[in-house]
């Protein structure tokens, strides 16, 4: 019985972490049709932001929830102003440019931080469930992910900024004719997506450590999750994370981590073959 | 509506829905072999959607499409094209990076592959079509560089070069100069008889030049079908058009 | 270009390549020659992507999968048969078969642009993860242990056909690799002039139109994709002969590199990507020798700069310059101020395939 | 084929075209014409640089010291350090370059087994002596190659019984990196566990890029072993130690490792994440001996107080170089066969890591092995075992009988 509970918790944690590492990419893809292949490096920068902020005496939670998203958000805005904005409507070109950016950031991080895994210890200790123990931090992480997705939903649905963003997303030309500066919307959206990636990196740092090349492990997974999810930002990310995350974890439990990974990848291929527009291309089409 | 004895193409109760919106609401339509039919109607009447259903670009939600006595509704575009339907789309659908001659070559090559024929005849057949359509001077120009009217002609040349039994022309005269429109009408009239044609057009002068029978679509349904002069004089048709746009 | 000039160009190109193939071994030291052979094998891989992406319009994020499969098939077969002759054949056939299968899955499923990218990327990642996990004893094919992360270090070199005793020296492998590159380049150029090649290009230009003409676009895409798989497999064989096979052949890095080379060389051209790949490999290797500068920084910067400033890639831009040099503008036009008008004049030129190739993807991706 | 290559090399013009000139990253001291050239190929960048940098530093210092002491056979040494950027492809390229262009007397190179297997055939083909100085899974049998690092029969054999006794446990759960080293070493762990009356509950293998150990930790909890043995490798796997401590499991189940510390894991993690982890190697920086204390002083003087901590990999590179130098002195030449014969005469060297002797039958080393416990970012040496023989490789390889052998045996561990 305990084992069932613990497996369910593990699955939830896996789904949450997959959603966490994907949501930044999903925001940028869903709103702007830009696939940001430097997403993994934004995660990496978030991780380093936490490491350095805590070294300089900032409280860990402040560093994770504030410093890292802000820092990476600013980086995102700079990237949007200097590179991305020249490439709107050229999806493949943006992918290539962000791929270049990804290599550039990996190289730069290696030169600055060195190619050594650094990290911070996970806070909060552990909790006991029957005969099992699990890290309390992992559970808190789930709560944070739920809060982030909920907050994102609330912003898009309830605020004026959200309305403007949704309008621009639906019909950029119309939004522009209504006096909305699509330029600004895109800039802010890219910054927000980057900030979410930074947040993801910050929250992952205590679990996986921080390394200049750490993004590579996440970008492919996030990319696959977002595309499998389809164009709806929150519903897409969530549904794809649930499907792929639970398959991955269950297969890992039953067999090995490699089987888990391969199961995830196969599931994505089959999914895209059946639903070429992703899950929300077919279901939950009205969702965000 | 007059039922046609031996229609080359015929639709019965054709319905096309997008989500909750019904764009085609049960269209019954047919033309005889060798006929030239004009299809008119205001924007949003469903003309282009109708063409897309006929050419397999859209899969109808309900209803039947029969072409040469076979049901073709929902077949892939490629199959329908091989059965003998050619289309010139509303926005010219061309290969901007290829020359005009290559366009015609692609069409002729496909026809030779379907119908059978000697491969080595292809180049001379291509030359002949270029000649017929009076676009030989454009042969080696990249189509992406041509003026709009020239592009329309190249597309028409390509479509006719495939020698389909039924040709669908979606606003062929749009963006053409007066001389070009006349030349176009001449070409269309030459095709009549050997080919069946359905032409969507707003240009009433052009319609007068070419058409006998005109079908009017309105809000996804056939509003009326009669000879050109009757239709153009009809008050309902005028209302329908004036509600949306001026009759050109 | 006029016909005689074109012929002169072909003859000159042929003479130059023959000179390079047979001359280099006499000028270069052995280690440089082996490096050159590696570059050539990667250039062949680049050629395969230049063909399917630049002319077929298929942006495959996993071209290295066929490269890796070719290498592995060669190594496994050569170890088991002892003779490399059939290993070579199989190492071309198997990647082609896998490409055909994947292509069938993709093209008959009507999966386009970015989704196609995801699926091909996922495919390589599966191979990467699989081959990385084959260190155990269970993973032995005949006498060949797959070796997991370590790969198969003892990949046997090529021997003369059906003559196991005569193993080829590095110089001989250079001759094979370099001539193969020349042959494959010429073969690809020829392929594009055939009816098949012209239809493939038409599909890249406007897939819907080709369908409306009655072409089964799926088959043509499958055809070019399969050919690309076979060429990538050949590159894998050569690479296995210069280095050895290991799962890194499937890695994101190799996939990324190939795409970068094609972009830099010029999408929709063949010579550009080949030259681009060789030049960039030399640059990166050179950079590896500099202390304190990470090669990734340079590679990344090159890619960004090219996408932003030279989106057409090197070959089309150089060709523009060359054309302009040879055929100065008509006198009716105001005298051009060379430097500043070059770029804008470049835009006036026909939409080259490099720019148009991007359009279907961009359109398909735009909102419905 | 060899003669053909030689002839070509002589015929070839010295001119190097600009094409494909992948030059090395040189650290050249002096170069007179009669210098003895030697090469090091270790990763100074990329994912493996954490292992490679101390090896490069140690080798550089060793050559500098040898030159300061008058060189070898009256000639100065020139060290060429190549950086293969953690890319296997460059290993073969640089090995070829060192052998054919620079014609070095010896190559000290390689970290992963993959890199060694990339280099070994190249150097064998071009008749260039090769030293591999890394702890590895054992089994290489090649007369041209000397392996001075420790192998499982030397370290795991001590580590497992010690851990079982110390932690008073019989049930062991093994986590291993999914490649040759992990696969083979985990077999040795099983063998020594069973020989000491224990059982292996489960062995899990992890690709080198896995960072999420959540499900595994839950599986371990369900299996309730007495001891966890880690054969995990590389930066990504460090996250296991963090996640293990974060779930509070570290306080409940003790751990021994065949790899912890070699990649400075004990410096990167926190004391609460690593205190008490057992490890056994042929060298720890904390080994107490006058030779070691003196060496560390020289090392830190040359590279600064904050120089990378010395690991077995680095120290065995030092021993490897000195073994070669001693053999050259004994042979009176750098000629490859004469040096090999000198090394096969039970050549030995006593240095900071204790005494290292070449075993002529296997070309592996008889070494002193130390058992230690991680303690506040350092290791506390608990016990030492002198002159351990490479029994694993010796079981499959006898170069005295079969001098023409050339392969890596996968040792068939009877379990």
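Note that the chains take the letters A, B, C and D in the order they are written out, and that residue 1 is the start of every chain.
Heads up, the rule we're going with is that contacts are C-beta pairs under 8 Å (C-beta built on N, C-alpha and C of every residue); 3 or more make two chains touch, one makes a residue touch a chain.
This is a predicted model, so every value here is computed, not measured.
Shared contact partners of subunit B and subunit C, listed by label: none present. Between the CA-based centres of subunit A and subunit C the separation comes to 32 Å, rounded to the whole angstrom.
Per-chain Cα centroids separate subunit C from subunit D by 37 Å.
Inter-chain spacing, taken between the CA centroids of subunit A and subunit D, is 39 Å. Centre-to-centre, using mean CA coordinates, subunit B is 75 Å away from subunit D.
In subunit D, the residues that touch at least two other chains are 45, 178, 205, 207.
Those residues of subunit B in touch with two or more other chains do not exist in this structure.
Annotation for subunit C: residues touching 2 or more other chains are 129, 132-133, 294-295. By the definition given earlier, chain contacts exist for A-C, A-D, B-C, C-D. Contact residues of subunit C toward subunit A in the complex are 59, 105, 109-115, 117-119, 121-123, 125-126, 129-130, 132-133, 252, 256, 259-260, 263, 292-304, 307-308, 311, 358, 361-362, 365-367. Those residues of subunit B whose C-beta lies close enough to touch subunit C in the complex are 55, 57, 76-78, 81-82, 86-87, 89, 93-98, 102, 105-107, 109-110, 114, 142, 144-145, 158, 162.
Taken together, the subunit A residues at the contact with subunit D in this complex read 3, 6-7, 10, 13-14, 17, 110, 114-119, 121-122, 125-126, 128, 131-135, 137-138, 206-209, 211, 213-214, 216-217, 249, 252-253, 256-258, 260-261. Put simply, subunit A touches subunit C in their complex at residues 33, 35, 83, 86-87, 89-93, 95-97, 99-108, 110-111, 170-171, 216, 220, 223-224, 227-228, 256, 258, 261-262, 265-266, 268-269, 272-273, 276-278.
Remark: subunit C residues 195, 198-199, 201-202, 205-206, 208-217, 350-353, 356 touch subunit B in the complex.
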